[in-house]
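Next up: the structures, one after another.
What follows is chain A paired twice: with chain B in the first complex and chain C in the second.
Right after this comes the complex of A and B.
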């Protein structure tokens, strides 16, 4: 059977797949909500994506938690097919334990601790 | 550099200096590179953020570790994807699935053939019946036509006989004088009177 999805997806010259955060179109001011999404590099941030791999809510809820969800099976598939995760996605996955901790996160935490320890 | 705004971004503008009479917001790229520098920014020299060498060394090490681990993970995931694909195409389950599909196909084809034979038999019977019906109808039609023909012949014979009967009363050249004399001798009076009750009176004034 011919896989129609590969024929329907637009052919980008030198384009690659990225895993990044896209703003879910709730259209409410000062209330963002991100979807973790596998999309082509050249597409708009909120435009057509290939597959949704999870979500991220940056504002903490009433129990002071920020909720994140991942579809690890499909993330493995896309990274195996050669997708690049962006910095915030890599940081989130590092916190989740799927990836190693991102070095910038460690350095920023150290800097903050230095600021609080000094006084 | 500043753009006049209204509406939703009022909150954004209120954070910036709201001293001006009109609410404004900063927009990138209003000046081109040939425009003169603003007065407040004349002596400004842009300086990158300061780098701590110790921290930088530690950071570089961490980055090399991180990239090593990421590369290893990537290769692992690639291998897993390839393995899954290979197993799906040429694994143990694939053969069983193919075999089952072939069996299903054979069974369905056999069923189809059976159905075709059955329908063929029914069709033959039906066609035979229809042929017989048609033949019978033809025969009946022939009989009907014969009968009608016979009846029309009989009617024509009856008409001829009637005409022959009437021919005895015809006026011919020999009878002409005789008939004229007869007609003149016997004047016939066709007048009659009738009233609303329906009483007919045939006796009228003579001549």
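Right after this comes the complex of A and C.
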């Protein structure tokens, strides 16, 4: 059966769906918290999204962990519908082991190691 | 292509249970799920030794737990409501008592007794190229709704690049973050430390501790087993079996003492309370669980029942044989007096 969902999306909106990080407006300065969200490309970053697929907390907690959650079932569905993940989402998924490792992650790690090794 | 929005994502129902005793009623819901997962684990162990979940064993344990309606339905701290009075005929009263016994049986469902879980040490991949990518660990949880919590994927990416499965404590904590359960805290309450446990036992609040423990920990975690063992030891030392008599923890305590072969105190207590049938069924359960002990073989050869079983057990197995025989004699005298009078 041909999946018509990507065609329908294009016809209805004229844009495409992305999986990206959106800031969850907690109205608290200097405390970011991101939602991993499937939204149309042209929408505002924090505006109306289609579905929330997870969360990402960039500040480490008392156990020195950064908590990330993914709803893999729905992510698979949206990628099957033709959604594009953005760079940070692709990096996180690569770290999780769901995607292959992102080349920029490896470059970042090498750069950090260079910074710590040299001095 | 409807916008499903936030309906599909994380539920954040943080209903803080203020009173320990209130959580007892919610425990029925929680314990049903844990019971189901318990039977799956038990099926893998050897079938020769009778397990906690065998119907025969469960039957005996429920019988010796007793069904004191007054204690099961004793007033719990709740919202104050004016009591309702109903005018009933004798038949209706009997029906109401029957309904109450049904509900009491459900409340008295025994929490599962499982062997301690083995630690998870699985490494999924070692990526040395990612070494030093960040100072903190990344913990990834799969929040798909329809998977049982035991099968959820929770992986940790360490700063040195290794991708490993999360340990049991981390798993419990993260599942509580994303799928919060009523009454469970993210870090264990301080009551479960050794010194605090001693203080609570001196106040005779073993039941509350066990209820809290049941809500907070998984049945096969080391903390759960440690707290339960400490509680049962203390009860055995002071002989306070009456505290647990008509509660759901009695079966677990009986099972623990049976596996440790220290049922003497319990039998003496039962004989003092004139529960001969309970004592007999306890001894028969002991023979079922330890079929190679002397008393079990003796009893099997003589096909003894009733008080003779107790006498055989008293002679062969127990350390306090004198006590048991004395108590048995006292009970028989009482029985003779009451039948004569």
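Here, the second predicted complex is superposed on the first by the 105 of 119 C-alpha atoms of A that agree within 3 Å, B and C clash if a C-alpha of one lies under 4 Å from a C-alpha of the other, contacts with A are read in each partner's own complex, and residues count from 1 in each chain.
The criterion applied here is as follows: a residue touches a chain if its C-beta (ideal position, glycine included) is under 8 Å from a C-beta of that chain, and two chains touch if they have at least 3 such contacts.
Just so it is clear, the model here is predicted, and its values are computed rather than measured.
Clash-free side-by-side placement of chain B and chain C is the outcome of superposition onto chain A. In the overlay built on the shared chain, the residue A:69 is in contact with chain C alone; chain B does not reach it.
In the overlay built on the shared chain, the residue A:29 is in contact with chain B alone; chain C does not reach it. Contact with both chain B and chain C is seen for A:106 once the two complexes are overlaid on the shared chain. When both complexes are overlaid on chain A, the residue A:95 reaches chain C alone and has no touch with chain B. When the two complexes are overlaid, the chain among chain B and chain C that reaches more residues of chain A is C. In the superposition on chain A, A:48 makes contact with chain C only, not with chain B.
Of all Cα pairs linking chain B with chain C in the superposition, the shortest spans 12 Å.
Residues 106, 110 of chain A touch chain B in one complex and chain C in the other. By the touch rule above, chain B contacts chain A in their complex via residues 8, 11, 55, 58-59, 62-63, 65-66, 69-70, 73-74, 77-82. Touching chain A in their complex are the following residues of chain C: 1, 3-6, 8-10, 124-125, 127, 129-145, 153, 155-157, 161, 163, 170, 174, 177-178. Remark: chain A residues 5, 8-9, 12, 48-55, 60, 63-74, 92, 95-97, 101, 105-106, 108-110, 112-113, 116 touch chain C in the complex. The part of chain A that touches chain B in the complex is made up of residues 29-30, 76-77, 79-82, 99-100, 102-104, 106-107, 110.
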